[in-house]
Amino acid sequence: MYRHVKNLQFESKPQKPDAVLAMKMQELVAGQFGEMTVMMQYLFQGWNCRIPGKYKDMILDIGTEEIGHVEMLSTMIARLLEGAPNETTEKAAAANPVLGAVLGGMNPQHAIVSGGGALPFNSQGVPWNTGYIVASGNLLTDFRSNVHAEAQSRLQTSRIYNMTDDPGVRDMLKFNLARDTFHQQQWLLGIEQLQEDGLADLIEDSNFENEDKIQDHTYWVFDETSAGPEGRWARGMTLVDEQEILVQNPPVPSEDTALLPPPDPKLYATYD
Amino acid sequence: MYRHVKNLQFESKPQKPDAVLAMKMQELVAGQFGEMTVMMQYLFQGWNCRIPGKYKDMILDIGTEEIGHVEMLSTMIARLLEGAPNETTEKAAAANPVLGAVLGGMNPQHAIVSGGGALPFNSQGVPWNTGYIVASGNLLTDFRSNVHAEAQSRLQTSRIYNMTDDPGVRDMLKFNLARDTFHQQQWLLGIEQLQEDGLADLIEDSNFENEDKIQDHTYWVFDETSAGPEGRWARGMTLVDEQEILVQNPPVPSEDTALLPPPDPKLYATYD
Amino acid sequence: MYRHVKNLQFESKPQKPDAVLAMKMQELVAGQFGEMTVMMQYLFQGWNCRIPGKYKDMILDIGTEEIGHVEMLSTMIARLLEGAPNETTEKAAAANPVLGAVLGGMNPQHAIVSGGGALPFNSQGVPWNTGYIVASGNLLTDFRSNVHAEAQSRLQTSRIYNMTDDPGVRDMLKFNLARDTFHQQQWLLGIEQLQEDGLADLIEDSNFENEDKIQDHTYWVFDETSAGPEGRWARGMTLVDEQEILVQNPPVPSEDTALLPPPDPKLYATYD
Amino acid sequence: MYRHVKNLQFESKPQKPDAVLAMKMQELVAGQFGEMTVMMQYLFQGWNCRIPGKYKDMILDIGTEEIGHVEMLSTMIARLLEGAPNETTEKAAAANPVLGAVLGGMNPQHAIVSGGGALPFNSQGVPWNTGYIVASGNLLTDFRSNVHAEAQSRLQTSRIYNMTDDPGVRDMLKFNLARDTFHQQQWLLGIEQLQEDGLADLIEDSNFENEDKIQDHTYWVFDETSAGPEGRWARGMTLVDEQEILVQNPPVPSEDTALLPPPDPKLYATYD
Amino acid sequence: MYRHVKNLQFESKPQKPDAVLAMKMQELVAGQFGEMTVMMQYLFQGWNCRIPGKYKDMILDIGTEEIGHVEMLSTMIARLLEGAPNETTEKAAAANPVLGAVLGGMNPQHAIVSGGGALPFNSQGVPWNTGYIVASGNLLTDFRSNVHAEAQSRLQTSRIYNMTDDPGVRDMLKFNLARDTFHQQQWLLGIEQLQEDGLADLIEDSNFENEDKIQDHTYWVFDETSAGPEGRWARGMTLVDEQEILVQNPPVPSEDTALLPPPDPKLYATYD
Amino acid sequence: MYRHVKNLQFESKPQKPDAVLAMKMQELVAGQFGEMTVMMQYLFQGWNCRIPGKYKDMILDIGTEEIGHVEMLSTMIARLLEGAPNETTEKAAAANPVLGAVLGGMNPQHAIVSGGGALPFNSQGVPWNTGYIVASGNLLTDFRSNVHAEAQSRLQTSRIYNMTDDPGVRDMLKFNLARDTFHQQQWLLGIEQLQEDGLADLIEDSNFENEDKIQDHTYWVFDETSAGPEGRWARGMTLVDEQEILVQNPPVPSEDTALLPPPDPKLYATYD
């Protein structure tokens, strides 16, 4: 069960409105790596977690924090939209080229659909969907997903930071950058803890006994001039199972030329 | 530019058809973590890569391998669908309960839409979409995404392995498990290489100088009975920047109670 | 079966073209609450309606009217796009800042995809989909959905009305505002009629005998400082079943702490 | 900001697992009218609400409650999936026709993707998306949306109630039915309160002065044999503005035959 | 403007209900090539058509017919769902294996969501969306799209015809097969008419003067063992512009090795 | 299996960057008819093709070429984005109206999400999805789809050609126009070849013996003033089966008035 506290985790007060920035910040609310993604990903991971105690609680601690991040960013967007221009474009642009650029760049759904509030869509108006998230029941695998989500989210936050010089917006983004820095590490430390607790290896390796014992340490080259084999990934030992990495160059396929059997005539697939 | 070789990277020959398994294997072709995902993710990352040489080439080597994985799995599905029943369900089920279960479990689009071939949809018929993939231009961040995709993909492959005892299918899945084992490490080794080459740190930390210097090492607790603080993520030093992790319990929000300014009257948002 | 009449239900003639307004009006054609939504929602409700006579016929009368509304708005958009600029942006903007703003604000798909015609997408280019509509077979429930759709649609129309001063566009929007005013009431009157005919109560209450008899008149408070209990929704009698509304503050959860049983080992979910 | 309490708002303990029912209950988690829909709809409405006090707080009280409903239903699904069969379909069905039916009816993603936990998808595997929700800034309009969502949600809950006789599941659904009964009324009472406070009329009527004053009380007939005019919606006075409802039969369109001007030649639209 | 006639274009009466067939027939209503696709595609093409007279009218004649096809198929589905089982699966399957297979194969949304009516989703529950349709303003191009849609639609209808022996369903499908046969030819004859009227060539060739005059008649081979060059497409004359088709084997790429310039540092793309 | 060659099939070098054009060119990469569509459509058709030899090889030759087209266009977009402005909009626009227009028109995801590279989305930011493609197993039907895709793709390319005067971009587009000219014919020649080889007729006509023998040559008129019957599609002989085309005017529907049987009471559909 959840409870609400009116105060935001961090202040969301821009120095002045900026409708174009509001459009860009939608990416941080409801983009592929927006706060809605980490919020819903962690909540489902926490609810589905079958191991009681510190893991389940930690996942839900962060998931609960992320609800507040969506709230914080949505509040910022509503404030950035204060007094956004809704005038006839051409007339406005003739009178004021700066305003023309703003009108060209802002998202009209901020007026038409949400009436000056945040939208649950990304910066291009694409609805957020749960195809972005994952909760597999396997903590190592999901913590890898969480590291990636925080890294992508932090990168986007960092890029948007450079697109504004509003001190109020920047203060909030500094907070967000820091949380993403910490959360990346939190999930990496979670992986260390899983290993320490004997619950996982460095990589996902279920059914390990059944995997092909050559192909799990072979780098295949698919471009005659590839410099790929020069990297660490093609030289030295594997990280798990301590094998010398092999290089397959050129690629040697199987005998199977992918021919298919004749089709069921009732399906009218073409056949001779 | 790309070239095609008729032979598959590995054999895709089931011992006998199995329409219900074909339905499940669609998840590995075109699910959130199916081969289409890694194929398109690595191709876009490779094409967008601005650093010439071993990185760009390695990304495209694997991306090119993945095209062949979609081909391999699609071939398997077409073969598993050979002779799949297309009869009237009720009559068939009355005569043969086993057939009834198969008819209940198979995906009718395998007959109606693809005429006995693989579909570009997941096991529930949901179309694959590029909201699943990312190519950010930042290699550390993208390699984190790649580790996660390979881990989730391997886990799903491993689960499906347990759902069949067809030796032909299992042979192919052994190959896939091994490639996912290797590819997880390839991206982890890629991260090591980026660090060795001075191109990245362990985590995404662009604009590092601007982030909040307390919040980047503080664990917030949002549940009074949380065991979250017992984990490594809340004790000891951070992985980067060597700070002692702090615990914020209970959470202390800002002064900002998220009140919004009066709306533009022309938007008809409710206000007193 | 349907028939077509060439004449529009109302005139769709703008005084002059305006490509930026055309982009905004896509929201009224194919947005979440555009004419396509009410058209397809009412048609499916009418086709699925199992009660013959005035209800089925009324639903299909309005559904049929709405096909004509999509036609009317699409015609308007095609006319607004007449002579829309397709030039090189930078050069045009240098010569004419007004044109620059228009070029920045118009939707390039109006040129590239539809060749100057209406698109079946919203103002941000998102395809319309049937996830927006509902036809449940239960008329009370569906009429509640129809009231909501007409209300949201009217609000968006009203906002766009303020974004243009073209008298031709405004004339058509006046017609649309009026139809949405009437249609909101039509569905509210439909609910009155259902009650009068003994076919429904004020709210959806199927399986009423099985619902929890405390929780159907209790307001739960989830924020310590909530002013929520001051409203009519937390004081006085319920609208159905005449009960004094109770306030649960603070919230008292169940004993169930949501712990899950150990997982099936073949699924590789993490467990100790 | 949000806080978490481990205890569920209501118990989620089925008497025994039932994987087919788990599949159906996904509709209540992440269908068009699942708990995710009301949760995200109310949270965005609350965050965007510009009027402080009882309205904003009430919306967020319910929104916060709904987070807990997603949690409660997800927990139920994870428990229903305990020990779900993951065997080879054909062999299992031959041995046990009952199991065959279960295998045919369960969702394989519950094994392959979530490893025995709830999915953020509906009963057919379709991802939840924010195209289902709305937060317009206008409370009357949004409360209409909320009544509709609760009504549809309750109807689906009621139908699923009839599909199981598990007492544990039924107890939880009784709680849910009751909350949907109360919440429907809460939003209807919210509309009464808005009217009492002078903040809205019975229907959305912004820009009222500009709407066509005939078309706002005219029923159009589009089927020669329509019984539509027999209903209350076509007879008597309108609910607002007290006008006698008119009937337009047959429909009389405008003079505008929807012809379009010649196209820009650079767009290669067909023209004579 | 549109009008409705109660009578269906053709009878939609199954001899007896069949919930599994109802699920399959959803593909014909709202699949990628269902009746909704041709309906909305032709309506938008007709509304956007800028050439008055026989073309615009013909497109709208067929578009209007297709609205009636969605109605006809939706009616059939509602009738096939009469008395569909909604019981507890396991118990039902134990008592009756035939029923078990039906329960396994039917779509639960037919009960939960639509209450026994047609859904606006395909056979796998995926919502229909306007990404399936096109109206480009160019009639030759769009008629090519229409031929393709009718061909795919007819093929799916023909496959489903073989999945039932209900004489009522088969009668309706015979009608549909015939309409798809005629409509395929209608669009092919439309292309003949466009050529006869001097409005188009056999293929889309706008901006013809600017295209590369070698690459428009060269077949490229990308597989060393390709038998592709044996076909008519690689030998003889082109259909337009009368050129001898050339074969490029092996493929000879350009000098451009796709290297990209250094990135903007503010985007934190990886670079040396 | 696939292999990669670093050199592009054709040069992708713009004379100078142009972020607004980059946004538009996304339509050619990942729009409904972008290169991703033909790439994935042909690859799935080739992999699913059950007839060995020239057909399967030809389909895969073109499919493989199209992978290279996505690469070529993505490279172009990355180059067009070089040095794209990421500044604060308002300040920049005040200083430079031309820049203001560019800022208003460019896609912010090119900075925020891809860091200056191509996105797998269309010109409006909508993710590409496999609902755009088809592989039915029936070659005649699929070749019809392929003709249509190449025609739409060529039309869009031709329109964008007119939107730039950059000689480098135009050179690449000349190549693309030519390939689309050739590929349209390739699929038309494929249809000729299928007919010559006795594998298909001019149109999809499976189950031909079962179709209604009047409705396969009858044009129905649904608008009293329709000029539709004047066209070739309503006069003369059909293209297959040599029948004189009939005209049905006015439309005569069946006796079936679409009434539905009473509903299952457990579904709470409304009934008297």
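A, B, C, D, E and F are the chain letters, set down in written order, and residue numbers restart from 1 in every chain.
The criterion applied here is as follows: a contact is a pair of C-beta atoms (placed from the backbone, for glycine too) under 8 Å apart; a residue touches a chain by one contact, two chains touch by 3 or more.
Fair warning: this is a prediction, and the values are worked out from it, not measured in the lab.
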item: Interface residue overlap between copies subunit C and subunit D, same or different (over half shared); value: same
item: Selected interface, C-F versus B-C, where C-beta contact pairs are more numerous; value: C-F
item: Cα-centroid distance, subunit D relative to subunit E, in whole angstrom; value: 29
item: Separation of mean Cα positions, subunit B and subunit A [Å, integer]; value: 12
item: Subunit A, residues touching no fewer than two other chains; value: 1-9, 32, 47-48, 50, 55, 60-61, 64, 71, 75, 78, 86, 97, 100-101, 103-105, 111, 113, 115-117, 121, 124-127, 129, 131, 134, 136-138, 140, 155, 158-159, 162, 206-207, 222-223, 225-226, 251, 253, 258, 260-261, 263, 266-269
item: Touch-based graph of the chains, sorted into line, ring, star, complete or other; value: complete
item: Of subunit E, residues touching subunit A in the complex; value: 155, 158-159, 162, 266-268
item: Touching residues on subunit E, where the partner in the complex is subunit F; value: 5-13, 32-33, 53-55, 57-58, 60-61, 64-65, 71, 75, 78-79, 82-84, 86, 111, 115-117, 126, 129, 131-132, 134, 136, 138, 140-141, 144-145, 147-148, 150-152, 154-155, 158, 161-162, 170, 173-175, 177-182, 184-190, 192-193, 196, 202-208, 210-223, 225-228, 230-234, 238-240, 251, 253-258, 260-261, 263-264, 266-269
item: Contact set on subunit B toward subunit F in their complex; value: 1-5, 7-9, 30, 36, 40, 43-44, 47-48, 50, 60-61, 63-65, 67-68, 70-71, 74-75, 78, 113-118, 120-121, 127-131, 133-138
item: Of all residues in subunit A, those that touch subunit C in their complex; value: 1-6, 47-52, 55, 86-90, 92-94, 97, 100-101, 103-105, 107-109, 111-113, 115, 121, 124-127, 136-140, 194, 197, 199-200, 206-207
item: Subunit E-touching residues of subunit D, taken from the complex the two chains share; value: 18, 20-21, 23-24, 27, 31-32, 97-98, 100-105, 122-126, 155-156, 159-160, 162-165, 222-226, 251, 253, 258-263, 267-272
